[in-house]
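Two complexes come next, and they have one chain in common, chain A, joined by chain B in the first and chain C in the second.
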Partner chain A sequence: MNTILVVAEHRRGEVRPVTLELITAAQQLKTAADDRVLLAIIGQEAESLASQLQWAGVDEIIACKTNSAEFEPELAEQAVSALIVSRKPIAVLLPHSVDSLGYATAVAVKGGYGYATDVFKLAYDGGALVATRGGYNQKVNVEVDFPGHACAVMTIRGGAFKPVETVAAPLLTVDDRSELSARSRPLEFIEQGGGGDIDITTVEFIMSIGRGIGEEANVEDFRELADNIDATLCCSRPIADAGWLPKSRQVGQSGKVVSACKLYVAMGISGSIQHMAGMKHVSTIVAVNTDPGASIFTIAKYGIVADIFEIQEELQAQLA
Partner chain B sequence: MKIVVAVKQVAALDDDFEIRADGLDVDEDFLMYDLNEWDDYSLEEAMKIKEAAAEGAVEVIAVSVGPERVDESLRKCLAKGADRAIRVWDDAMEGSDAVTIGRILAGVVKKEAPAMVFAGVQSSDQANAATGMAIAASLDWPHAAVVAELDYQPGAATARIKRELEGGMLQAVEIDCPAVLTLQLGINKPRYASLRGIKQAAAKPIEHWSLGDLGLDATQVGATAALSRVRRMEIPVKGRAQMIEGTIAEQAAKLIEIIKEYKGEAA
Partner chain C sequence: MSPQRFLSKSESQVPMTAQALVAHVLESGDFYAAVAVHGIADARQRQRLEERLFGSRRDVLMLARWEHTPANVLDALSRLEHMPLARRVVKHRNTGGSTLKHQFSQSDDPALTGLLALHANTPAPLLLQIAMGDHDQVVLKGLARNPSAQPEVLRLLAQRFPRRFDKEIASHAAVPVDLLATLYHRGDKFVRAAVLAHKHVPEALLLQAAKSTETLILRALVKHPQLPAALVDTLSQHKDNAIRAALATRADLPVHLTARLALDESDSVRRAVACRADLAPTLMQMLAEDHDPWVRQWLGRNPMAGKHVLQKLALDIHEDVRRAVARNPNCPITLLEKLASDHRSWVRAAVAYQPNVTSCLMASLARDSAVDVLSGVAANPHTAPALLKRLVFSEELDVRRGVILNPAAGPEILLPLLQDPYYLHRVMLASSPKLSDQDKWQLRDDPDARVRFALFQWLAARALRPVADRYFYRRKA
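The block that comes next holds the complex of A and B.
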């Protein structure tokens, strides 16, 4: 019998949806009828949060009680490490999220377990657990395995597995870890950007600019074009980091997911995983980029290989 | 006091590249090397702390693991104002993964005993996002990942940080020092190296350390100590957008047509 341990992620009292994707990933690792999927939730309110985790495919929910309501890396590390020792899973699945990046490595390093991050495919090959991740800025796929390690800790890319949809009533056990201590203390949450700007998650037509814009002086031309076609001007990370557009306009993992968008015109955006996480669901994506090999062309419906400045000028001329 | 900044020389691929005959990596001929983008921000953050402190009070040390070509990236760090640069290499380190690199860097940290260690959140090439946290785990130091703001006075017992979460949210955290922090893009605005800086850097030495300097042995580094093994590398078959060909005028006209279609207007 193999055991697969999934660690749920939660924030401000809500289980984060990526947790449901991990359950599907865990299901794929089951090979025998008696394999078990354990779902751990860690925190002060672990027991009450467990009620949000009644999902099919989970055999047991472990409410791991610590003395911090919100995520704290050392408490998470110690709690998960203790579960690995007591439950002996062959795989530990965590979301490839900011929280996991703060402690997954420590679990693997201190326990000497197999380790891979940002995994988007899982399989067995001749009994060996094989994880696939990207390499060289996602231009290649890399299959890795974990010889000599009885357990592998893996962080799983968001969106790579379909979320589980069926509810069930798994067994609930409580694991009291409130004696654990940590050397950092979560204080408060702060919403970035906001500040009276438009909420880009509600708009349907977005024109977005990226690194290809070159310099700040060029932003104005694209703002005019966006106004002219009634699109909301948004951006990828480098533009917000440079302060050329407010953070509230940033599309992507650390910005916003543009949930309501139907048409997305990406100008000079090559398409990092992080950016695409915010817009890849949009039904019509048009990407304009000088690099025919840009990743964004793999998710766009239409692609234009061209200089964005020439396209911008030409669009303005034709619209006039 | 010292701040150690862990940096990586990353590889970008040519437009057309080939996988090596053994299928385990890209053929080295197709790789172009540069300093990891995240590390520019880490170095800048250390420089800001150094410049806000009294002259000579803070020493910034850039450290990297890799063969001779890595000197070029370390030279960039010196040109931007790092006081010292250390390159660690030994043939036994070939094939080290992010975790093993973290262990090697932790060896340097033990010797230098800095008040803070900075690393980039991830590298632009392999994006394991693991090295910084592996340093912390090897040292058993407090740590925080994806730091977007840092409030730290040299020598202070704690630092205030803001972690960048998903969806435009930050979380404020107080952390005990010394600590290992992985720093996110946008935490500052990295400087360009000045001509004077570049000239001065050319004259500064890069310290070369090997296994023996770190108290590690060959079994603790390299491919055999890694927590994963590459089985196969392949170029993925990707979906492809419908490409709009033609002159700029034709491409723009088609784009206008798509916009009109979305708006429900006649083309």
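The block that comes next holds the complex of A and C.
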């Protein structure tokens, strides 16, 4: 019997949707009927948050009670390490998120476990666990196995697995870890992003505008179009720098990585390395640019050499 | 921000001549500075620079692909005669016409022809040569789309391959007028629509198109400034929403039709009406009550919207409508004051970018905690220098960049940012005309290669300017 441990992520009293994707990923690692998926939730409110984790495919929810209401990397590290020792999982799945990156490496290194980040595929090869992740700037897929390690800690890319949809009533165990202490203490919670604006890392359909937009007045035309097709309007850096869209809508190296995005329509964006850092992983990229030599076409699945205003007008006309 | 390096006076003077600048670079051995000054070096210096630049295969390949590699270095690379390199050089957007020509004469690689057909700098005779001789449909399609293709190229393609590239040719800015007519007559509805959308479409074609019942054709026609007047009335009742919406944007729309379209059942038509500059006050008031937030938003942005309408829209439940009011160039200051304390930061940010905000209001916005608002204050040319001086030390790098982007921020404000921890800001300042070369000279040993490249590129360009220009420039700084 194998055990797979999933660690739920939560913020401000809400379990983050990526947790549901991890449950699906964990199910793919089950090879025998008696393999077990454990779902741990860590924090002061772990027990009450467990009510948001009633999903099929989970055999047991472990509410790890700590004395911190907010995420605290040291507490998470200690709690997860203790769970690995007591429950002996073959794999520990964490979201590939800022929170996880704050402690996952420490767990793996201190425990001497296998480790892979940003994993988007899981499989067995001759009985050995194999994780697939991007390499060389996502240009190649790298398969990682973990010979000699009884357990592998992995951070899983958001959007790579379908979220579980069926509810169930898994067993709940409370694991009191309030004796754990951390060296730091959260003082203030600062919401990332533009004052309650949409979190672009969680949306699936993005239309993004770049300098090809020309002037601010045109931004509104594209916002209207995005609205009409239910896309979230994002942008390249010059647009955010000009104050035409909030900073929270900037995609790229100094902006955000749109990890959950499945369809990205780039309008008048040249495709600088810095912009592509935030979106090149998206499976379907559509690029519209008047310059057939624009770099964005090297990663686009569908490229349209055309004026973005013509396309925008045409789409609006179709939608009208 | 905590400036990491102590602001110190540069120990040495900026080399004033091209030769002295290149000599400095040769002595320092800095690879990226060498790329930047290659174009101003004399023959002997250039040879030494090339020894440095092309010393390793890895560097050569990197340079052929690096987006900032200048045309002169690409030209030197192209003479290294290496096949995979040739493709990289031809693909590079900075490669100049003579280098492209040289590559074409040196190679019979068909992939190069395809790249040349697309390149904006390919010389006209070469494009014509490709149009005359090539048979590869992908190459020729690229050629028909190349914005640098001249009328003869397009004419030739239309002759050699009738109908094959007609859509591309009809959309090309340089297509000759007589060819447009040919394309229209032999084209399908898509080609015809492209012809009608062309700004040089002959009037005779417009009259012909007016008889069409094809929606696609009428959509193209309705946008044309020379739309026959008789058609305006007919089209205002056309069943296609897009046609009526396009009609509603026309400056020559009679008043009675504007009033009718303001009541149109389609949101897209009323949205177009809301943008009009000639709306009667009663129509504006009616549109301000429209159930579609986008109608109200477009009205909020309309510079002709009256005070009362804007007052109403400033209270809208949709933040985007309130933001539209805050972005309206004629938004009264009293409304801006109200919107400056909106609970949504994106609305307050719109106020921060307004040119007609009072200094008192700007000072209060400068105390905001939202980065979008502070960036607006930082980038606003009307922000008081004292405020900018404070924002230079903001923790938020977007805010500091706002100051760098502010057209009114003078050298005394920008100077501390030469030591900004974010390298991009130093890159931007290295090529800012507002700082003196002497001040920028401290960046010559910057830990980031891109900053050094930007500095030496700036200095190299300056070395090519006439002396009088440089003197004026330094005085101004």
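The rule is simple: the second predicted complex is superposed on the first by the 196 of 320 C-alpha atoms of A that agree within 3 Å, B and C clash if a C-alpha of one lies under 4 Å from a C-alpha of the other, contacts with A are read in each partner's own complex, and residues count from 1 in each chain.
Methods note: contacts are C-beta pairs under 8 Å (C-beta built on N, C-alpha and C of every residue); 3 or more make two chains touch, one makes a residue touch a chain.
Being a predicted model, the structure only gives us computed values, none of them experimental.
In the superposition on chain A, A:224 makes contact with chain C only, not with chain B. Contact with chain C, but none with chain B, is seen for A:246 once the two complexes are overlaid on the shared chain. When the two structures are aligned on the shared chain, A:284 is found in touch with chain B, with no touch to chain C. Of the two partner chains placed by superposition, chain B and chain C are both touched by A:310. More residues of chain A are in touch with B than with the other of chain B and chain C.
Of the two partner chains placed around the shared chain by superposition, neither chain B nor chain C is touched by A:82. Within the superposed three-chain model, A:110 lies in touch with chain B and out of touch with chain C [touch as defined at top].
Contacts of A:260 after superposition: neither chain B nor chain C is touched. Within the superposed three-chain model, A:69 lies out of touch with both chain B and chain C [touch as defined at top]. Of the two partner chains, chain C is the only one touched by A:197; chain B is not.
Chain A residues in contact with chain B (one complex) as well as with chain C (other complex) are 240-242, 247, 254, 291, 293, 305-306, 310, 318-319. By the touch criterion stated above, chain A contacts chain B in their complex at residues 11, 70-71, 73-74, 96-99, 101-106, 108-110, 112-118, 125, 130-131, 134-137, 139-147, 149, 152, 183-193, 205, 229-231, 237-238, 240-242, 247-248, 250, 253-257, 262-263, 265, 273, 284-288, 291, 293, 297-306, 310-311, 314-315, 318-319.
On chain C, the positions that touch chain A within their shared complex are 67, 91, 93, 118-120, 142, 145-147, 171, 197, 219, 240-242, 245-246, 266, 268-269, 271, 294, 297-298, 301, 320, 324, 327, 344-346, 349, 352-353, 370-372, 375-376, 379, 397-398, 401-402, 405, 424. Contact residues of chain A toward chain C in the complex are 194-197, 216-217, 220, 223-224, 227, 240-243, 246-247, 254, 272, 290-293, 305-306, 310, 316-320. Of all residues in chain B, those touching chain A in their complex are 11-13, 15, 17, 19, 26, 97-99, 102-103, 121, 124-130, 133-134, 136-138, 142-146, 160, 162-176, 179, 182, 184-186, 189, 227-236, 238-244, 248-249, 251-256, 258-259, 262-263.
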